[in-house]
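Worksheet: the structure to be examined is printed underneath.
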């Protein structure tokens, strides 16, 4: 019973869960794991880059988690198989961290709008902080697969050891992406050929110009605010800056009210917003 | 005359007709709720007979919302041994006898929230789909009612199965049939033909009720003025009084926010995923990893009122305040949303 | 053998924390027996001073989580006497039911959780429940109805909130009381069966002379009205009580204790009550007792468990009668504050509970005195151990300790209740 | 969790208290026996269990009011992986903490014929004043539903959540008519954390705050309300200095109003 995305969206019970099986758990960093997953019913899980699932460990609870894999699959990832990359911060993520290959958990989704890749026909600047790289990875793969425009990735994490997907960085670079990395601090003695400091410091090295590009940003809200501020100063128009916001979510379908910021709902109107749309909101009572 | 039982029909009936309508609803398997006078206020209770109904609107404590959106409900159960999920959504047959226009508008607002988006909510739908409404128009305004300001009352002209307006003489009611089901409920009922005068009385009474409203709020341009008034000193003034108890939101007929959580029994055999009412007024509502989006009471209070008088218009194109006045009645600190609206816009 | 000190550090299965010490000489003859209570003082009589009289019942209830109702009602009854408030008949009846609910809860807890494991040879209820689930379930059902009554009348079973001067903040509707009567009837079989089963168990036969004290009322099995009588002929009103009962401290200092003015120790509680007022137990309870050849007065403290079971049966029966007789119509007592002093006596599950207050003309408490049953029993418990010890001191330490614990448990001592406790500095 | 040795070990300890917060365990009636199947009740003096530590989950009833309490709570802390304070006494010091505001020697003399034999601290405090505490369950007594939720959460491996709702919301869900609004009673439900199910207001009595202050109590506004309702400063003082008197918020608010005269 393969359903189209539309069917799923309009389906009988959008709140009902589907079991997924863990094919593999990969430890990315001390507190981040990537789960390779398959729907137990065998159907293909379709989604767009930047969308998320509500992930359940029943008895513990539910959390909003973005898909981190290329929706079209890659050489390494068979069709129908998808990934979540998850940082352990609380109940659900801790319970997930206890699971192993062969175990199951439950999802509903996909939810949210996703990155406006179709719009980003020119150059693309991707700026990520911490676990914020996970929701951007599907977009990176889609860009690498098709668009001829320039792709620059600015990525910062607490330490080099806190960066997921490190072994894929060369693959991205080979594919044509320009990768600028920075760590808040690097351990002494450790080999770290890149920058030390905040991700905003890398902005001076950016080659993509505001004239013919877009920016996708995902990271802690404080980081996003300062990045957006710096970009604006550099002449990026707010319409071309896209941020993925994080709010607490209970339902994912605009009814629990948790993710409201003024008159937008992060779960459906977002999580990706143009800065133009949320500029006023980010200032006010976040 | 004898009613044919068709939408669009009108007649004048006596209170005895209520008994018949109630009985027919009950025969059709509906649990019928109406306001019963208890402890000096009207509380929605299952009705035995129409005699229990109180005709005076007093707002009551909880709005009838709990019938289509219960304070707590099980979404599914999970058998922890077998790993089986069970979610049985049973259609619910309930009816409201004597719902007021403001509450009908609140229901329509919730319809948009739960059914209007990309993901219609099946739990809500199961209660909403078959929900006969016998509406009482308000011929008197309560002290805190401002439905006429919000455009949600005191009269209703859509979305009813039956509409009842009390006429001048006690015990005479203008009955208007709004749907096929409404028609069935009154078919063959003996009634007086409604004359022009009766309509005049109805309109005059509704106009009087609106004109006599003791609470008002000008809504012209209100969302913009509320946005501009985000930093108005009045917020500080009322949040100094506010207890943060959330009474206001808990009685609001349009509040829809919820928690979703898992509840496991003591023997760890079964987990129930539940949804229960929650409100932006609660401290726990804005809590996230490493902080709270609305730690200050002033932010929580402002979110509540801004949502009703401003944000909801951006979200749904209508005010999620229907002017029922319940939050004003039940606020132990005497905080008044209409007064706040007036103050922020500079009318007070 | 050398002289030794046997110590049960923490008495288990009593409410509160206390211990026993027995000093033995070379011949294992007991030299001294002490009950230590290391529950620190809580100064309730001190902390209610200066408070409005209306406020103190809820504070005093917190002396004991096991029988808070008797503390609340004892307090209120003393205050009502000061203020000249006469509780209505319905309030008087419902209060008796309220008190009896404490017997059900507290006695069931004692019989099934605390004592029965001793009689059937288990360490605790969890082990007991494994093999005697039926009996335990009976007990749990009986306990539950006690809690249900307390919740119905008092909103919750522990520290209920409805009892006030003159009556209740709100009375339950008649329909709920009728429902309660039906439930009480359903439990009567459980009570009878438990009594039969447990009466058939072997209990140590041991009887010494002892004085019993309890409230007595000519027309009913007294719980809150009547005079306080002893088996040696005293008959005292509440106001006279403190004149004949002396509170004292002992040099090795553990808790305040009581003795009669004559210097004699005495026992209060279910065995004392049933022994003194046997004939006034409810009819079916009496019939069951005679069918099982249970006769009273009974001077074997190990029969306390039987007295408790009889009181459980009685509580069900008597509550049904009181509930049937109680009309329920809302009332709101009015009274004026005036200065004065008065005492009250009430039969708590563990025995007689005494309250006395003096208030001033603003209604502020000037003086409070509370004598809980466990305080009254403490010396008598020690005396039991002293009398028993020579006969059982040959037992190996562990068994001796266990036997002593069982003997202490006869009294179901509630150490939290012993408000007048003094910390011993344990070596 | 089939092997007995793997069952989490539960302990219940009593300190200075009335025992009322241990009773909810025993009042769980049949559930307590189910509990014993999935958990080892290792220490619970009142129920006859007295195994030595370590314990996985320890519930502590009672405040700390003497040297012996202080010594014992440190030992309990060392032996327990998760330590939870249950009830007013363990969380705040309890009703007996009323003595914290009175001169100890006077109290001793008021109650004991030989006051010199009494040895205790001048105050009774919540256990967190002495040891680190992993969870707090309010109430006087604690609510058995809260206890159950806590135990279930620990067994499932999730951090237990304690709601920060007010008593008002429980009233609303019961459709009680608000005592402040309708009857002018200075009900403390607006300041008090939920958990009791709005017992007092359901029985026509103003809440007296036995579940302690809610997440963000507006004490000043409540004091103003009391004044509007005609309470004197002394009465307001006593409202905050009552069953839950030693919670910081209530303690400090009491101090803002004239203390009661202590006559002797």
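Order of writing sets the labels: A, B, C and D. Residues in every chain begin at 1.
We adopt the following convention: a residue touches a chain if its C-beta (ideal position, glycine included) is under 8 Å from a C-beta of that chain, and two chains touch if they have at least 3 such contacts.
From a predicted model like this one, the values you see are computed outputs, not experimental measurements.
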Most central chain, judged by mean C-alpha position against the global CA mean: D
Busiest interface, counted in C-beta pairs: C-D
Rounded Å distance, subunit A centre to subunit C centre (Cα mean): 66
Centre-to-centre distance between subunit B and subunit A (centres being mean Cα positions), rounded to whole Å: 39
Averaged-CA centre spacing for the pair subunit D and subunit C, given as whole angstrom: 25
Multi-partner residues of subunit A (at least 2 other chains): 59-61, 90
Residues of subunit B engaged with two or more neighbouring chains: 261, 264
Chain contact topology (line, ring, star, complete or other): other
Those chain pairs that satisfy the touch definition: A-B, A-D, B-D, C-D
Contact footprint of subunit A on subunit D as seen in their complex: 156-159
Contact footprint of subunit B on subunit A as seen in their complex: 9-10, 12-17, 56, 58-62, 89-90, 104, 106, 247-248, 250-251, 253-258, 260, 262-265, 268, 284-286
In the complex with subunit C, residue positions of subunit D that touch it: 14, 16-24, 26-27, 29-30, 33, 36, 41, 45-50, 65-69, 94-96, 98-99, 102, 106-108, 110-114, 117-120, 124, 140-141, 196, 199-200, 202-205, 208, 210, 238, 242-243, 260-264
Partner subunit D, residues of subunit A touching it in the complex: 59-61, 90-91, 94-95, 98
Sites on subunit C touched by subunit D in the complex: 10-17, 38-47, 49-52, 55, 58-59, 62-66, 68, 109, 113-114, 117, 123-126, 129, 133, 136-137, 140, 143-144, 147, 155-159, 161-162, 164, 168-170, 247-249, 253, 256, 360, 364, 366, 414, 416, 419-420, 422-423, 425-426
